[in-house]
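In the two complexes that follow, chain A is the common piece, with chain B as its partner first and chain C second.
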Partner chain A sequence: MELVLDSIRKVYGKKVALHDFSEVFTPGVYGLLGPNGAGKTTLMRVIADVLRPTGGRVMLNGKDKDELDEGYRDIVGYLPQDLGLYGSFTGRKFLMYVAALKGLRRQEAAVKVEDLARITNLSECLDTHCGKYSGGMKRRLGIAQALLNDPRILILDEPTAGLDPMERIRFRNLISQISKDRIVLLSTHIVSDADMIAKQIILLGKGRIVEQGTVADLQASMQGRVWSARLPQACLAEISERLVLTNVAQKEGDVEVRIVCERKPLDGAVPAQPVLEDCYLYHFKYLAERGEW
Partner chain B sequence: MRLEQGTSKLEGLEPELEVPDEELTAIVEKLGRMPSALPDESFVEQVLLGWQQQEEPEQQVQIARKTIQPMSAWYRCKVVLSHLDYGFMLCGLVFYLLGYRWLSDGPLPREFILPVISSIPFLAGILGLMRMHDHGVLELMMSLRIRFVWYMNVRFLVLGLFSLISNLLFSFALAGAGETWLILTLHWSIPSMVIASIAMLLSVKVKNLAALGMSYVALPVISLMFYGEETVQNLLLGLPPTLLACGFMVALFLLIASTVVVNRQIKDGGMLLGTSA
Partner chain C sequence: MDLFLFELQKLVFNKTTCIGAAICLLLVVTGGIMNAVNLKHEVGDYTMFVAQLQEQEGPIDQQLGEQAVAEVTRLQALRASNPQAFAVEDPRYVTLQYVYANAYNMALNYTHGSERENPENPYSIAGLEQYLNRHAGHSDTFAYRNVERHLAMKQEAGVPGFFNTLVWDELLAFLGKGGALILALLIALVVSPVFAGEATSNMESLILSSKLGRRKIVTAKLLSTITFATLLVVGFFAVCLAAYFLPFGGLTGLDQPLNSIYSFHLSPFGGWSLLSYLLASVGLAWLVCVTLALVTAFTSATQKSPLPVIGITIALLLGPAFLKGLQSVLWPIVDFGFLRLLEGMPVFAYYKAYNLLGNPVLYPVVVVAVVSILSLILTCLTFACYRRKNASLGA
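Then we have the complex of A and B:
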């Protein structure tokens, strides 16, 4: 299975949200990272077929999305960023309704709703009104509905927002396991979520791909750009104004800082092992502050 | 002090440990005074990394593969109609009857009561439909297999038919069959279609349900103010049926045109970009 995005462009009035975005997706998890307004949600909406691009094509196995029409949406599972729920619906009623709109027969849907409720840890509250759900429960119900039609393409916009650490682990494990033969596109602000399960990371900024590659590739690209230094507490304010700090930790009266910089930023700074977060901050803070993209 | 033999599972391996009581007390006190180091920020991530390796049992994530089933038009209609907002439709009918009751006691001539209230059932129904915008369900609905534009059109059609039947029955009750009924029908159908067109256009633009509701309340109020004018009443009562029929055609054209615009908005995802105000 191959999902091709060919020069996707989306313009809102005078604002260009996506600049000729091209990418080929094959089964596996893709992590989409970028600051607010980078175009992540627009891109996901285009792939989920809820937003028509101004230009470009989305093709599945060589066929245009518009040509496939219902056949395309039938294999897509989508969790929107701001999914709300009808407060008067129970979780079960909501899932059954979505299942019906996805074309599942009642009996099949009933079984699947039970399965997915168990997987998303919602079995206990399936017959509770959605109005009483916590943020995390709503998110899990959103994940469950996205999986109802056994989607080959799963699009998850901020899926872990509002989930506690245990729920995030469950979610990651679930996505890791179901991604064997599916394309999973995951947008998140929590870098570690993408770091752990994505086979490919796409850094998106101002509607363009800023950088992409495996986590190892991106980390390797940061070699020599991440530094660690121990400073007196008093210097911290001045340093944090001058340099891009990715972490600050208190160490016996001093502070240990992690710095992203192209060259050695301070006397006594030593090279540190890069992580994905460093790469994110390098592009979206260090380079952005210098106007380099 | 000597550790009790046999209390440890590592019996035999544990080295003998002899500490005087005073020294032990001193150590305990010292330990109590030592500041306990807080885990640094990466602690949670490290723990998560460890847990991530634990896999869920395979059967737990087994999602049964389904075959793509064809959906007949009847099935689609059944799905869409099964979740109509009957509560809102009923409310519309109640307001419609209350409006008639209130206006029939007022100074408005009988011919102009229906033109003022005829749009109420449709407006109430569309307000119920647009709850999905306010509740944040819209984007999900747009991604589902049943084409959203089709879904919306079916709902608009049902609401339109509901409104039409309500008004037809009422006009029969008021005027009976014949030419009087036809004139009365032309009188209410024209504003009804114009208001429906405006309501549909607003529905794809205004995200906020309260704001949409207010604008929907304003529409019959504006038509009440319009039909309340004596000059307007005299002008309309003097219109020949052929001119009314022309007005009907224009209103119908307006309704069709707004449906086309709304459909285009829905297809392009324009509803997602509507104003929240």
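Then we have the complex of A and C:
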């Protein structure tokens, strides 16, 4: 299976949300990272067939999305960023409603609902009204509805927002398990979520791909750009104004800082092992502040 | 089918619908009870009054009619000059004289018209006949054919008689005024979120991304809207009949002629029984409510919040009433205003026909045609609108 985005462009009035975005997706998890307004949600909505692009094409296995129409949407599972629920519906009724929207037969849907409720840890509150759900429960219900039609393309916009660490880990493992033979697009602000399971990371900024590659590639690209230094507490304010700090930790009266910089930023700074978060901050803070993209 | 049932549940079992329906029920039941209290206050023992009235039911007796008119004149003078003396008059007798005099005047107006009748726009049998005699040489014109048809229908309707219409008068007056407005507002309120509410509740993205979210969901939503309008109209009329007639022991007078009701004494459909009129007005109300619901649904499909939808629907409902002064120019808007059509009475109470290739086509027939065509257009537009829809960008 191959999902091709060919020069996707989306314009809102005078604002260009996506600049000729092109990418080829094959089965596996893709982590979409970027600051607010980078175009992540717009991109996901275009792929989910919720938003018509101003230009460009979305092709599945060589066929245009618009040509496939219902056939395309049939294999898409989408969890919007801010999914609303009907307060008067129970969780079960909501899932049955979405199943009907997805064209599932009632009996098949009923089995699927039970199954997904168990996977998303919602079995006990399936007959509670959605209006009484906590933020985390709503998110889990959102994940369950996205999986109802056993989608080949799963689009998850901020899926772990509002989930506690246990639920996040559970969810991450679930995505990892099901990603073997499907394309999973995961947009998140929680870099570690993508770090752990994504086969490919796409850094998106101002509607363009800023950087992309495997986690290892991106970390390798940061070699020599991440530093560690131990400073007196008094220097911290001045340093944090001048440099991009990715971490500050108290160490026996001093502070140990982690710095993203093209060259050695301070005397006594030593190279540190890069992580994905460093890469994110390098592009969206370090380079952005210097106007380099 | 599943989607339709879910959409119907969303429409019917929600707070807005429940509160709206409860208010509606309260208003109708209050209206019915108030009517019963007033009538019983006027005539005392209602059963005895009906028994007295039934003795005189049927075609108008001219002698009795003249006596009743004279009595009413006397009673009015007494009421003005000596209220205390008027107060001791038997209320049943007074009411009976008033209603008989009224029926007599209706028969006179039907047959001979009044001084205010315009000879070029007649409504009475005599006036219509005179018009045809005056324009005998123009029998091939629309105006002549129109009056000819008017006369034929009125003659077929027959002279209004005297029947007990006290409860029907009140019920039809309520249905023609407050009732129509209640129905229309309830539809605007309940149907306005049918599409726009999905954007407000952030469900639109999910719906549009689903397999059936661009075509079958529209069918399901429109069908549920039509079903809701149907349930509402049937329920509303049933509740109104119950509220107005139960205090008097049950539904009566269904076989009486329509023109025994004062508002319909000049109706070309005056020969219909009240049951026939009731069925026709329920049918018309259903058609108009369905169209109004479709207008609201279409507006809802173009908006991202139910509030502007309610505003637009209310403007569509009340707007034509403000344009009555411009009827000569804006007659399509005034003649086919939803509220006017829902009132029922303006459609059936008087003769009105449109010139279609020189032939008079009756107002109710044109109404049904126009409203049906409008419904079809709105359905197609809603499909087209939703198919091209982009979800609102929440982030």
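Just so we're on the same page, the second predicted complex is superposed on the first by the 293 of 293 C-alpha atoms of A that agree within 3 Å, B and C clash if a C-alpha of one lies under 4 Å from a C-alpha of the other, contacts with A are read in each partner's own complex, and residues count from 1 in each chain.
In the analysis below, contacts are C-beta pairs under 8 Å (C-beta built on N, C-alpha and C of every residue); 3 or more make two chains touch, one makes a residue touch a chain.
Please read these numbers as outputs of a predicted model, since none were measured by experiment.
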{"item": "Chain C versus chain B on the shared chain A, clash or fit after superposition", "value": "clash"}
{"item": "When both partners are placed on the shared chain, which of chain B and chain C touches more of chain A", "value": "B"}
{"item": "Partner chain in contact with A:V210 - chain B first, chain C second, else both or neither", "value": "neither"}
{"item": "Partner chain in contact with A:L245 - chain B first, chain C second, else both or neither", "value": "neither"}
{"item": "Touching partner for A:V29 - first (chain B), second (chain C), both, neither", "value": "neither"}
{"item": "Partner chain in contact with A:G84 - chain B first, chain C second, else both or neither", "value": "both"}
{"item": "Chain B versus chain C as contact partner of A:A48, first or second or both or neither", "value": "both"}
{"item": "Contacts of A:R106 with chain B and chain C, given as first, second, both or neither", "value": "second"}
{"item": "Which superposed partner A:L126 touches (first chain B, second chain C, both, neither)", "value": "neither"}
{"item": "Partner chain(s) touched by A:R170 [first = chain B, second = chain C, both, neither]", "value": "first"}
{"item": "Those residues of chain A which chain B touches in one complex and chain C touches in the other", "value": "12, 45, 48-52, 70, 73-74, 76, 78, 80, 82-86, 97-98, 100-103, 145, 149"}
{"item": "List of chain C residues in touch with chain A within their complex", "value": "2-3, 6, 10, 13-15, 200-217, 388, 390-391, 393-395"}
{"item": "Sites on chain B touched by chain A in the complex", "value": "40-42, 44-45, 47-49, 51-52, 54-56, 58, 60-66, 68-69, 71, 79, 82-83, 131, 134-137, 139-148, 151, 267-269, 272-273"}
{"item": "Chain A residues touching chain B - in the complex, by the definition given at the top", "value": "12, 45, 48-52, 69-71, 73-74, 76, 78, 80, 82-87, 97-98, 100-105, 108, 111-112, 115-116, 118-119, 142, 145, 147, 149-150, 165, 168-170, 172-174, 177-178, 192, 196, 247, 249"}
{"item": "Chain A residues touching chain C - in the complex, by the definition given at the top", "value": "12, 36, 41-42, 45, 48-52, 70, 73-74, 76, 78, 80-86, 88, 93, 96-98, 100-103, 106, 145, 149, 155"}
